[in-house]
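Labels run A, B, C, D and E following the written order; every chain starts at residue 1.
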Amino acid sequence: MFPKPIEKQPRAAQITYKAMLPVALLLWLGPLLAVALFSIKPEADFTNANYWGMPSRFEGAFNYGQVFFNSDMPRYLMNSFLITIPTVLGCVALSSMTGFALGIYKFKSNIWIFFMFVAGNFVPFQILMVPVRDLTLELGLYNTKTGLVLFHIAFQTGFCTLFMRNFIRALPFELIEAARVEGISEWRIFWYVVLPLMKPAIAALSVLIFTFIWNDYFWAVVLTQGAESQPVTAGITSFNAQFRAAYQLMSAGSIVAALPPVAMFFLMQKHFIAGLTLGAVK
Amino acid sequence: APAAAELTGELRIFLDTSNPAPRATMEAMIDQFAAQHPGLEIETTVIDREAYKTQIRNFLTADTPDVATWYAANRMKPYVDAGLFEDVSDLWAEPAIADNLASTKGAMTIDGKQWGVPYTYYQWGVYYRKDIFDELGLSEPTTWEEEISNCQKIVDSGRACYTIGTKFLWTAGGWFDYLNMRTNGFDFHQQLANGEISWEDDRVKQTFANWKQLIDMGAFIDNHQTYSWQEALPFMVNGDATAYLMGNFAVAPLREAGLSDDQIDFYQFVAINPDVELAEDAPTDTFHIPANAANKEAAREFLRFVVSPDVQTEINNGANLGQLPVNAQSSVDSDKFLNQGFEMLSSNSPGGVAQFWDRDAPAEMAKASMEGFQEFMVKPDNADRILAKLERARQRIYDN
Amino acid sequence: MSAVDVPEQESWFHRNQQRIAPWLFLAPGLLFFMVYVIIPVFQSFNLSLYEWDGLGAAEYVGFRNYEDLYWEWADRDAFYISLKNNLIWLLLYLAAIPAGLFIALFLNQTVWGIRLYKSLFFFPFVISQVVVGLVFTWFYDPTFGLLNEFLGFFGLGRLNVLGDERFVTYGIIFAGLWPQTAYCMILYLTGLNAVDPEQIEAGRLDGAKGARMLWHIILPQLRPATFIAFVVTIIGALRSFDLISIMTQGGPFGSSRVLAYYMFEVALSEYGFRMGYGAAIAVILFLIMLCFIAYFLWSMYREERGH
Amino acid sequence: MTGVTLNQAIKRYGQTQVIHGIDLQIEDGEFCVFVGPSGCGKSTLLRMIAGLEETSEGQIHIGARDVTDMDPAKRGVAMVFQTYALYPHMSVAENMGFGLRMNGVAKDEINKKVQEASNILKLDQYLKRKPKALSGGQRQRVAIGRAIVRGPEVFLFDEPLSNLDAELRVEMRVEIARLHNEIGATMIYVTHDQVEAMTMADKIVVLRDGRIEQVGAPMDLYRDPDNRFVAGFIGSPAMNFLDCDIVDGKIAHPALSEALVPTVNVPAGMTKVTLGIRPEHIEIDRSGDTCTVDLTEALGGVSYTYLLTPNGDKLIVEEREDQRSAQGERIGITFRPERTMLFDPESGQRFR
Amino acid sequence: MTGVTLNQAIKRYGQTQVIHGIDLQIEDGEFCVFVGPSGCGKSTLLRMIAGLEETSEGQIHIGARDVTDMDPAKRGVAMVFQTYALYPHMSVAENMGFGLRMNGVAKDEINKKVQEASNILKLDQYLKRKPKALSGGQRQRVAIGRAIVRGPEVFLFDEPLSNLDAELRVEMRVEIARLHNEIGATMIYVTHDQVEAMTMADKIVVLRDGRIEQVGAPMDLYRDPDNRFVAGFIGSPAMNFLDCDIVDGKIAHPALSEALVPTVNVPAGMTKVTLGIRPEHIEIDRSGDTCTVDLTEALGGVSYTYLLTPNGDKLIVEEREDQRSAQGERIGITFRPERTMLFDPESGQRFR
């Protein structure tokens, strides 16, 4: 292990290290903690320029109450879920198939199709902005969650295919050959042999895509408008416009918007990190 | 209206009145309308004001509402040109509107047709802290010299004269409107907006020179480029700045922030060039029917309803929008700012009434110029460079 | 053997199963990807030759949009600034890589609770850039921002980071580095996990220690992690939009624009109606990115062949 | 039950040909082992029989059926892979029954067959476990069980034991041999371990570069190889080869104190010949001094002496027990001429 | 050049002790091999000597220096790892010179030493290559070269050959032995391959569960093991053990047609004893019928016969050449009593 394990170093070094950890963490998360602090302050603290001190009163309940009962935030949150979850399902479904096709079969254009997915995944998505917006308008899906979901599925398929294909490549090919010798049709090989083995990849990918989509702002702005279809990232800006300069509410709103992916990360940490590294490496 | 009782179907209304007070007002008004038309199913969507500006072009082509708010003058031109707004000249031919809304007809007219109706307008002017003025022994100025000397005293007292937040640029447009209209007059200003005058014209430079005078003396708060107009309010509330050149909608938040009517007052922007007539900014907010609307009949009825005298009186009163009604039959609320503003616009604005810079100038020019104004306000010494750049922009934009 | 009674008479589909199957599996994904990604890329190329306000009819103008871009470049105007800022982003964003490595090294221990520390350090990556932007806007706030409190604490003057065209881009990049560093950190932490302990021991026997160990033995083994970190950082830098949009809207006076934001601005923002022009900017951005995409694909190709 | 016949089977990958026209007849119920150095085409040939690789040219028959272009599933073969290729998400029983299940066989029938196979392989108590929870040997047994369940006519094994450690390998080797006795199906087995080849095979096929070098029973190959390659390949430690001169019809080499009279006919006109002699057939002559002891290795029961001949050739001699030589010692060697084999130095062909 | 001395060396990982007070003296220039089953602590002990693991208690001396708490780089040892642990991003020459470079040795000096080492190991033509481009054996040679270059007093090898295939393993084994002869440094070598242990060692240390079972020269351990563990561990195929009864002072087992008179003193009062006999010391008595032939394996020069005794014990008999028995045949066995060893069935201690 590098660097040298701290437990093999002098006691003083160990103590210093253990003391530095929380300090470093506080510094690192400082801005975030500040927001959390803001979100439980009463408004008066801001007018009294008590920005960074202890809250004079705990107003968290009120502030979060405002967010949940006196704004469009619940709708935005709902929208985010209604956008994110179908996208995750769609991506996983499409990319396990494309990944399977590209990972298992040898055919001439295999590598080129694969590269197309990879390259598409890295395209600056701004270049898609105008045509995709027009397409969505033409399909009558502008300002609908469906429109957003369809695009997200399509765009994320690039990344997911890269991920799935690499994962499937790493599976022992003998498993497929064994199945073929046993006379199992290709579709059933996919369904009964490969898909169950892809569970970890699917888990990792789901968490990852969940976060990506949840946090998407650009496309939310380009393809939707208004509380009936916008996700929370875009919603938070309107929310903030609504409560401009009401820092305690903006903070509470931000915390609420950030919470689901954070919760997701904590619950599925292992998969999340596996996703980050596995997808790209290999 | 008896005929209106038969209205049926769905009426979708998009609003940009996202701040809490206006939002409540509009929703109440729509409820009232709904009560009159039980057969109509009304769906109201309120979109954040800033977001609305970018989204309008989308919803005009897809997922189109039946009624949408927007702004008068050049600001509606792209949509008129693209055929996305319904020609409502027929409404304007109805006497109830023709007679009572005459003063705003010009702002609603493009190519000789009218494309919507106004529902409110409001004066611009200088809102100031009367208590601080009193404390410093200042009185409302009327000339540029007085303005400057007042300001000098304020600056000497450790305050800024004007608060402003230029993060979203348009507030600087207000300053430019006034300085240029006061320096070169309304007509010149409109010509400039129409691209007929070079930005490197000496007269424009004079406007900037006047502006620079204020900047150089430290009249504006620092760091205004990082604030929105709301974020700039606390400076005035806290007494770090004494005045705010703003539309009347600023009054409500100032009051909310705890300033009493004794502490705030209003004066008309001072004259600079005695040779030009005073002209004012009075932006008009409007309702339009998108060309793709489904229920135009109900939409027209709604427009009639909005501009009707009672509704105008109601929605513009101090407790609601706190602005001026567009209908001559309506009464202006007893609110002192509304009265002063109404007074000012109707009797002391001989030069004309402008909509506002970003509504009078084409979008692209507005954007480029307001960015220039912001830069100028931060770096007044760059004036020549900025103007040269704007001139280049002008040549390109109006050329197309 | 088989339950089927007529084994010799297989259907055409059955016989060609292995040839057809991949295309059936690919079809839905490929269709989606084509419609929403590949075709639009070409449409954008095409659109960049038009002038179009997004409302009326488009007008073919040949390369005029590019010409305009050139003039903006020549005049050191918005396009020039965007491009320059993009370069700054590209360069400075790379700082996330060493920073991530540094934190990863710091956290690569096995003391009690370290797992929790690692996850908490990773936090910034998970939250939306919108929130990050907001957080940092307040951090930089010239009146009450924590930054100025700090500077004041050290007796330094106040700074309006986001209001000063000299600092604004750096300020936003710094905000962007926060989540990006967390990302690189995780990549390196997993990379460090995979470092061959025997090589470290061999290094110890060879007398390499500390920084020399890091440089000569650890870093070369972290190459894959560094490679991904590089790719994702570059892409992140070129895609930077959310932060700018939230923190400054490209301001003050357009000095924090980058291509991605600028194109949004000219095409879709409040005052922007130049779809074709936006497309031209996107094409330029795409061409820049293409270098990196090509690099990435090339190294992937080598990997594939290598096996 | 049926045999397998290959008729001029050829395999090409693009331009490169890796299997060069193999003709081979494997009898019904025979245990046939393919051996050969790495990359010689053992796996490819096996996979061609399985149908996992297309046959570029030639025919493959299983029994009377021409299976050359048939789907793998239809050929009546079952394959056991080096890596076992067990489905990790299925229990042992599911693994074994999967093929039947997918082909629509009734549940009861599947259970019965799985039960039978697990009886044979003593897997009963593991049926519910996942492969992960099994040892290497058990996994290999499941893989074989999966093959058995399908009741194939031909079993194919591709280095099934090479992932096991030495001890288990011996055990499983014995088990597979026993299985073959029990069910009597045709089995084709790929390995590069010549102990496996020698001990299990009814028939060994020695491959080299996609061509058959020799086919025969193990001891036949050991005693009577066709060429130098087979002679060197079969037997461990490998046969010693000395490049000798033919002088006056006798075979001369500096390590030999006197020239040998060849026991077979060497074609006239040859001046050089390769002499092969197995380490266990050399005896050390302590009175001689033609060779130097380079190194000795005593393994307890047996010891190997590495010799350097005067002209630098190396020789290994197997000695029994305690007759260990000292390093650097100079000794002579002798052997019975009938134990030697003679090969053409060019073609490697054996003279008989 | 110096020897290595361990004095009551103990290693604990947290609560669990894995090395239990080892006393060991390795002489200057000796080739010492640690063998033992997996997990017995061979690697740990080696790594303690290298300084890669801290010694929990006791002392380690290299020559006269107490190195117990010394930095690995300062101990004058070099280590060759099982996985080679070559730096993949450096060329062969850089790999070999890296240690010197880290210690600030001048470039010329490094080049010279690398040259020398690569001469010894015949690596000259590969100096520019990266490890990836080398075969397993070449890599192992580079790893050894890297150790040589540093000119250590003690070489440490941790199963250096276990990643090579059988053929290469033999070759490299010979090479390391030759290297030891050449440079004469002290070498400590860990393996679990007993052929390596037997053939290379001057001294074998048999470890079990972190304790030394026996130390001695290879043939001493083979001929004269202290206990059943060592007897079973050394020699291949392993010694056969039969659980015998003592009847009237004689040793009886159903496989033996008549009871044996023990050649050593068995303590009085014992009723059971374990009899050990090596496969090569058993002779088959074709007239007997006590045992059944379970299986035979002919490997050419030698064949193994697996026997089942009447009470189910298994026996392996090594036969020479062609004396192959048929499966199922019933035969008897004989051996010379002085070839047997007797062990305490409980403690495994050998009776002498």
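The definition used in the following text is that a residue touches a chain if its C-beta (ideal position, glycine included) is under 8 Å from a C-beta of that chain, and two chains touch if they have at least 3 such contacts.
Here is each chain with its UniProt name: A = L-arabinose transport system permease protein AraQ; C = L-arabinose transport system permease protein AraP; D, E = Maltose/maltodextrin import ATP-binding protein MalK.
This is a predicted model, so every value here is computed, not measured.
Give the chains in contact with both chain B and chain C, ordered by label.
A
Fitting on CA atoms only, what is the rotation between the copies chain D and chain E? Please report it in degrees, nearest 5.
With C-alpha atoms aligned, the rotation comes to 175 degrees.
Where the centre means the average of the CA atoms, what chain is farthest from chain E?
B
Find the two chains joined by the most C-beta pairs in contact, please.
The chain pair with the largest number of C-beta contacts is A-C.
Using Cα averages as centroids, what's the distance between chain A and chain D in whole Å?
Whole-Å distance between the two chain centres: 54.
For chain A versus chain B, what separation do you get between their C-alpha means, in angstrom?
So the centroids are 40 Å from each other.
Could you state the distance in Å from the CA-based centre of chain D to that of chain E?
Result: the chain centres lie 28 Å from each other.
What whole-Å value do you get for the distance between chain A and chain C if each is reduced to the mean of its CA atoms?
Averaging C-alpha atoms per chain gives centres 14 Å apart.
Check each residue of chain C and list the ones that touch at least two other chains.
2, 54, 217, 268, in rising order.
Where does chain A touch two or more other chains at once, residue-wise?
133, 183, 185, 221, 237
Going through chain E residue by residue, note those that touch at least 2 other chains and give them in order.
Residues of chain E never touch two or more of the other chains.
Over in the complex, which chain A residues touch chain C? Could you list them?
Per the stated touch rule, the residues are 1-3, 5-7, 14, 17-18, 21, 24-25, 28-32, 34-35, 38, 49, 51-52, 94-95, 97-98, 100-102, 104-105, 107, 110-111, 113, 115-120, 122-133, 135, 150-151, 153-155, 157-158, 161, 183, 185-187, 190, 211, 214-215, 217-218, 221-222, 233, 236-237, 240, 247, 250, 254, 257-258, 261-262, 264-266, 269, 273, 276-277, 280-281.
Spell out the part of chain A that touches chain D in their complex, as residue ranges.
Where chain A meets chain D, its residues are 172, 174-175, 177-185, 188, 192-193, 196-197, 199.
List the residues on chain B that touch chain C in their complex, please.
The contact residues of chain B facing chain C are 50, 53-54, 57, 60-61, 78-79, 81-84, 166-169, 222-226, 358, 363-364, 366-367, 371-372, 374-375, 378, 389, 392, 396, 400.
Which residues, counting only chain E, touch chain D once they are in their complex?
166, 170, 174, 177-178, 181, 195, 198-199, 218-219, 222, 234-236, 278-280, 295, 297-302, 306, 318, 321
Quick check on the complex: what are the chain A residues that touch chain B?
Interface residues on the chain A side: 47, 133, 137, 140, 142-144, 221, 225-228, 234, 237-238, 241-242, 244-245.
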